[in-house]
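Consider the two complexes below, in which subunit A is the common component and subunit B and subunit C are the respective partners.
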Partner chain A sequence: MTLYDTTMPDDKPADGQPAPAGLKPWGETKVVGTRAPRIDAYERVSGAAIYTQDISLPGMLHAAILRCPHPHANVRRMDLSKAKNMPGVRAILTHESPSADLPWFFGDKGPMSKLFDPHCRYEGDEVAAVAADSPHRAWDALKAITVEYEELPFVSEIEEAMKEGAPPVHEGGNRGRVRTSERGDIAKGFAEADVVLEETYRTSCELHTPMETHASVAQWDGSRLTVWDSTQGVFDVQKTLAQYFGLPSSSVRVIGHYMGGGFGSKLELGKYTVITALLARDTALPVKICLSREETFLCVGNRPANIMQLKAGVKNDGTISALHLVNVGSGGAYPAGSGVGYLVQDLYLCRNVKVEETNVFINAGTARAMRAPGFPQCAWALEQMMDALASKIGMDPVEFRLKNVPAYSQTRNNTPFTTTGLKECLTEGARVFGWKEAKATIRREGTIRRGVGVAAGMWGWEGSTVSTAIVKLFADGSANLNIGASDIGTGTKTVMAMVVAEELGVPLERIQVENADTATTSFAPSSGGSQTVVANSPAVRKAAVEVRTRLLELAAEELKCTVADLSLNDGAIQTLTAPARTVPLHELQSLAQREMLVGVGHRDPHPQGKIPLPFAAQFAEVEVNTRTGETRIVKFVAAHDSGRMMNRLTFENQVFGGIAMGIGFGTSERRILDAGQTGKMVNANWHDYKIPTAVDVPPEHTCISVDPHDTECNNTGTKGLGEPATIPTAAAIANAIFDATGIRVTQAPVTPMQLLALLAGQEKGGRQ
Partner chain B sequence: MIPKIAYARPHSLKEAVKELSAPGTIAHAGGTDLLGCLRDGIVTPEKVISLSGLSDLKGIARTGDGGLRIGALTTLAEVADDHVINEQFTALAEAAASAASPQLRNQGTLGGNLCQRPRCWYFRGEFHCRRKGGEICFAMNGRNEFHCIFGGQNCFIVHPSDSAPALVALEARVRIANSRGTRTIPLDSFFVDPAKDVTRENILRPGEIITEILLPAPVTQMRSSYRKARARGAWDFALSGVAIGLRFNGKRVDQARIVLSGVAPIPWRAVETEQALAGKILDGETVARAAESAVRSAEPLSDNAYKIHLTQGIVHESLMALRPE
Partner chain C sequence: MEERRAEPHDGNTDGVSRRDFLRTIGVGTLEAAVLSAAPLPSEGAPAHTGDLVPLVLTVNGRRNALEVEPRWTLLYVLREKLGLTGAKPGCERGECGACTVLIDGKPRYSCLTLALEADGHEITTVEGLMQGEKLGQVQEAFVQEDAFQCGFCTPGQVISAEGLLRKTPHPGVAEIRHGMSGNLCRCGAYDHIVKAVQHASEIRK
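Showing the complex of A and B:
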């Protein structure tokens, strides 16, 4: 048994084939893996960086959108006369405007709605839009539009929506088709089990609320459209915009240089962008839209709420014999998906697994992918269940997980993982955390009690491989990197520049990154799904290596030696054989004559017959005040196998950020709808929707990179990080709370309000 | 967006109260609450009168009788950091320090903190509720986990201020100015019960402002504290809070003031508890009984019964912490 190869008790993995020959990941690195500050830190901090919201063009108009204030209503009549005549108002669009009569698609479900759908199915549905010469005038004009609504019966909660006779959000009812996947025989698995547990876990609807609200600026030049967009993927936006306007892709330019966070909510083209482009065309002027904070709570996506019934069977030796998950979730008023099943199927070895999932419509904003869509929810259920099973069979929760670490993906015909760092995440994490000592000595008595918890996770998608990078080396030895990827705040530009620096020996300060512009950069997939580093860094490396190869060839010719005699360090060519010479790049004649060397790198396909996926284990220590329900997370350790750590600083940013977000999901964040009364969201603001603050994240915070030296996943040895970082967090906290109090909190978030109610119940009615 | 408004910045109290006597005006101190109210359309004044030019209303000073005078425009940060307040009026320093966030405390004033509008999400949101002149209180049958468990009638807000209960516990008075002059009243009688008038939270009439907050001279053997429980660690209002002012006579409580926040439409005196403590030594049993008495008359709504346990818990914890060594 090698380090990353755990026992495969019963099943045989599919045959592994060797990875395609080519560049192998680095051994020792000089730049990659160091603590490199962001190359654009100064611009971002000083305010010099131009975000979409900062764009100002000559003659630019400002747009605002009138949104339905009801959860379910028909627009009967609209009176625009007052708004039309207000000073500075230049254009108004409604469902009656011929230019705005466009279908709207949700995934592959066909045109389920329209750009302005008079049948409004959620609070925040688009009703009209105004362009005016100032944002204030646009907002004032919205107030002057009178709309007569026919209010319709609505439904705000999953269970209500499933009832017989519930108001239908769409014709045909609220309940989607049950999607089932099954392997083995769960009945047999449960029969074999020594312990069978069943529990219903619930999670709340979480919102992305990125710092920069969604924004677009649109400008037409004849039939050519340019859009600045706060987006995670300029090419995705380009493609869909081209379709909407019937234009060739070449006529649509989308630019997204800087953007202030998305977490998935900026992975798709928004109605607001199409509306802005229409207004710009109608007025023949550039138009800008910046959504208000309230709008971002209502209509640009969320993580759906889920109700997950999980039944699990385990043998006394720790073998998981069966898992059965029945999940019902709601992605809101339109199909968006609320599936969560992946972890149950792939995180631990188990031969008998059944997952049944149903999406239900409710009259509320539609979900969008949110940082590891489905995974934190499933971890909330599965990882609490693992904890409960471990305690039932008297096994330590870390040991129990270690017993079930898979070396292959059970959802993909047992195809082996390139590496499974889960075991090391668990053991290293436990060691650094002091798990055994804490378990043995922690104080679980009295008013203020402590407890520790662990949870694990993995991410289930290896990412796209369609990415091309271009590296240009100038005669003065500085370099330009051209990539299509958006840097959504994660440090993409910095990490990619580090790859170039590694290969070309050019200092980071001398590398300029051009990115996220469909007209001037080459294709990259959207920055989401934890694929940005994985999809792009191998292409960047290949482009840099191409330049390097060409450069060394030229130098060898010029210096009259062989390429093997040369090395490239710190912006200079060095001869390895006598006579020892160091030639700075700007002194290299052959480079000066050519002015520039260009390298193009295309990313290679994934290894055949193997799956590269990241793993994680997180450990929490909490302190619960049993009189008040207040919980403090006092210590947190996160161990991540995301392959090679490219930059210690951005690694920490992702892990700490992911944990902070997981703490929100697990302890404070939830969309609250006025169910049964008005159906409106009551906490659509940053005070009532409670994102953790600096004092809510643990003071003692450690993150560990468990690098399994994956030589097969790709040429930079990287696996995804952004999403795994937030997957196990909430469950680790819930397990720690259980350890401290004996209360299994099945509903996320564990607010002090909820915990105190449970503690008070415990006092009266024994342990829950 | 903030609607069109006129703005004036008078430099004397006389001018200010004159300006504010005109209909459609509203006072602006630090603006941390007012600007949000304007943006959300909670208040719709035509003219905003800034108090920031009234330098007499700033600062903390000793009064002749050994008490303290705190100008209404003193910021919460100044109150929280003041040495004398920390030493002698601890509850107030703790309350000011627990409010909002550092930025808001640097900008928000003590006077503004007492006069801020409630945070009920129906009142602040697009709901035409009773407090805004509508017919119904949405919290009664709606989402009410942050609403009151005492004194709810017609309307179930909680008073949002942290400083108010601390000041009431410390027996503060407020000076109110209008065009005819000034008067001082106990802060305890400043707040308006929704049963009396559901549209306002305090007794101020148009043209009236608070100019200063007066604290009586501290007696020896006085101990006070403010304990706040909230849903997240900062930038959050109280789920429940308790301000306690205890005068001791040796080990015995001579006089107690227990004022709750986050649980009632006004700073809520737990009178029964105050009486239960008078003359007692703070042993475990007395404290437990006192904490229980603090919530005896609570009437929770559908989602906020936890506040009963929470309030009992923090009263218990605070009383234990205030026991003389």
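Showing the complex of A and C:
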């Protein structure tokens, strides 16, 4: 994914294709925007939904992977003799297996490793794999494999990795080239400033840990491969698998009807899937792999840790005159990127901006895109800095942000946004939260101190425009929608069915959705980067409109009138002129004779000369216990401009879910490596790596859709939601903690231990 | 949640006592095996853990006579031997609650319960809350409130809600949040989950 390279080039050209004709977004809607329970809710609450982990095929074997227990080691010798002879063991693969001697790629960097690389660069690197007739027997066999490792010096921390003489993760050293992006003149900007502040902010490595661990089932029929995969994008997995095995796309079928969460960690083909396919080919039997929970902490991606030095200059009137960000991050042992700069470059008006970013290798699991890659980190720095600047110039933090709302994208030649709802997010959010009153009256003294904070955000990618949808109308007036998109839990199937219902008047319960199967559905991009609704709903709408147009033409012919005299309402054709007639679709002879009407919709290009992006502002009220260092979030308001809200229920769910993830990022989640000793991850489980539970989310929660009625972004008026929901959360909490305590916590997460230490320091040195 | 993490045999008065467990063991030999177990190896090293033990599991009101390896968890047997894939393996180490089932009416992590420990007890999985093809009341409340996203933790959430409401038919918000805190949801659907439990409490008869 290119998602990680969040520093966009300055000269990104606007889409050169002509703007789409016709089909403007709806005005009033009947179905879209309502509270619609999901069309696949029955399957999900009854246990009937079949996830990859639930697949069972006749004769199916189970695979497990032996992983390097050291952060850095060479495999010297392996003894498989015991494992080979164990009951039920059918195949073992290592780097010495001819069928598994394959290169492995990281992005466009060429083959940097192997499927089983004897030079293991992180704890969890693949060493061997077993297929056996039960999962227990596969695990037994792994334990029976003896490996002699040559342990190598390792490096676990960013600063250590950058030092002269640090153990190199790869030949050529650990430090990547500095990526610099600059506009204006920051020296001039800082000289013009009335206040200049500088601070170093740090964020910790966060793990995706979706509820369903990564899983694949592979089956060969001759030279055709079928893979069930817990993935966010079946077509991406199909394409990379086909390339990997040198097969035509038509010989690789990838199915992912239900998947148990991804958050970016299931956006790419994993080694485990390739290994499973190889084991299936070697044994001529279907093979299933389900990674263990521990493996999901070690080797299927993470949000990199970042160290961000941010210098900012502001004039007394609230004009931001210069921003300079120096970011060093680590995407782990292989190139994955750790860029964060986008928000500094585009969230607020500023003429003079410089961003310098460096990625550093360490001996730890490689990063993958994680929900708004780079953005929560940057918001952590920028939004705390905005708070500090506002305080210095004596301006309310909401007012200060309002003064700097951009109407155009400064990273794209000042191309205007189709709409900028940031102003409304800030004002409406502040109104609903009761910002001014809270600021004036909140209790900041005593053992339990309260404080309020605000943070804003935006997402920096408008998504793919390559998507095709097919709508089929049956003769009885019910419909089938065919889309390639994975529903990763966001309600994609339901939202797309609502679009069909809106156009055809077919009730939701009479629409069946077929999705996420490369053999039977039309192409959709991977569900990630907040592009799913934006990329697919316009194609779905066009397909439905095509069906409606064709249907009205048929009806006009049959009823001997013109199309203009007809309307389609609630599954019936109605005449608008006398004599008034209502013909239910199942009584339409011309439709009955054809049995089915089919409409195909292709997504139009992005608007020419305009950029459609979503915006957000979030407000938090916290309670800090100065005796225990605990922070309790008592109230939270999120205001989001994601364009049109498609389904009130799934919209709220998505926003609250993003906030929950942001709370984890800001207050509890971090990968801890045993840096000085073993280099191993010491909290590779959910007991020690704390994600929020039902008691950790605020009891009082409000989310607001600020719909700017964007008529230009696309024909459904939608912008993305999944990423912006989690971007400002942690920073809003940190700002509220500052308001409560006067302590600027620059290191995420704000754990009770950390806050207690800072409070103790404050007591010693006097309150700031 | 201490209650949720208690083992069936830990003597917790809410759960299944060790004495009850001992009293019920052995019932399994009364019925013939209905499912074929994995074949024993005819050659190679003997399976040091592969000896099968008879067991009767009463699941969703139906008695199942089985032969299991002593190390198999209840979760494994439900999913792999009885085809009940509603309970999910989220961590298989008692951290997430996706595998929650009711044992004698109490929510329990089936990944931390050996199949043998469940011998003779009444087990209810999410499939057991259905009335034929019709959703149960808690399930219906989860649908109406959109109390899930990806749905992988949902069968466990539904079962925990069912267990909570059986014990406390009209819980307050704090009780619900506490009662549901043994079930992780990485999508973060907690707000709607709390609403669903409230909703279920209202519609339950």
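The working rule: the second predicted complex is superposed on the first by the 746 of 768 C-alpha atoms of A that agree within 3 Å, B and C clash if a C-alpha of one lies under 4 Å from a C-alpha of the other, contacts with A are read in each partner's own complex, and residues count from 1 in each chain.
Operating definition for what follows: a residue touches a chain if its C-beta (ideal position, glycine included) is under 8 Å from a C-beta of that chain, and two chains touch if they have at least 3 such contacts.
All values derive from a computational prediction rather than experimental measurement.
Using the contact criterion defined above for the overlaid structures, shared-chain residue A:H687 touches subunit B and also reaches subunit C. Within the superposed three-chain model, A:G261 lies in touch with subunit C and out of touch with subunit B [touch as defined at top]. By the touch criterion stated above, A:P752 is placed in contact with subunit B alone, subunit C being left untouched. Looking at the shared chain after the overlay, A:I488 reaches subunit C, while subunit B stays out of its contact range. In the superposed pair of complexes, A:H136 makes contact with subunit B and with subunit C alike. Judged by the touch definition given at the top, the superposed model places A:N363 against neither subunit B nor subunit C.
By the touch criterion defined above, A:N735 lies against neither subunit B nor subunit C after alignment on the C-alpha atoms of chain A. When subunit B and subunit C are set side by side, the one touching more residues of subunit A is C. When the two structures are aligned on the shared chain, A:V695 is found in touch with subunit B and with subunit C.
Note: residues 135-136, 140, 685, 687, 692-695 of subunit A belong to the subunit B contact set and to the subunit C contact set alike, using the contact criterion stated above.
Note for the complex: subunit A touches subunit C at residues 37-38, 41-51, 53-54, 56, 82, 85-88, 133-137, 140, 208-213, 258-261, 263, 290, 292-293, 488-491, 649-650, 652-654, 656-661, 685-687, 691-695, 697, 699, 701.
On the subunit B side of its complex with subunit A, the touching residues are 1, 101, 119, 121-122, 124-127, 138, 141-143, 145, 229-236, 239, 304-306, 309-310, 312-314, 316-317.
Here subunit A touches subunit B in the complex through residues 69, 135-136, 139-140, 625, 627-630, 668, 672, 674-678, 680, 682-685, 687-688, 690, 692-696, 751-754, 756-757, 759-760, going by the rule given at the top.
In the complex of the two chains, the subunit C residues touching subunit A come out as 38, 40-41, 44-47, 49-50, 69, 71-72, 76, 79-80, 83-93, 95-96, 98, 125-127, 130, 135, 139, 142-146, 148-155, 158, 173, 176-178, 180-194.
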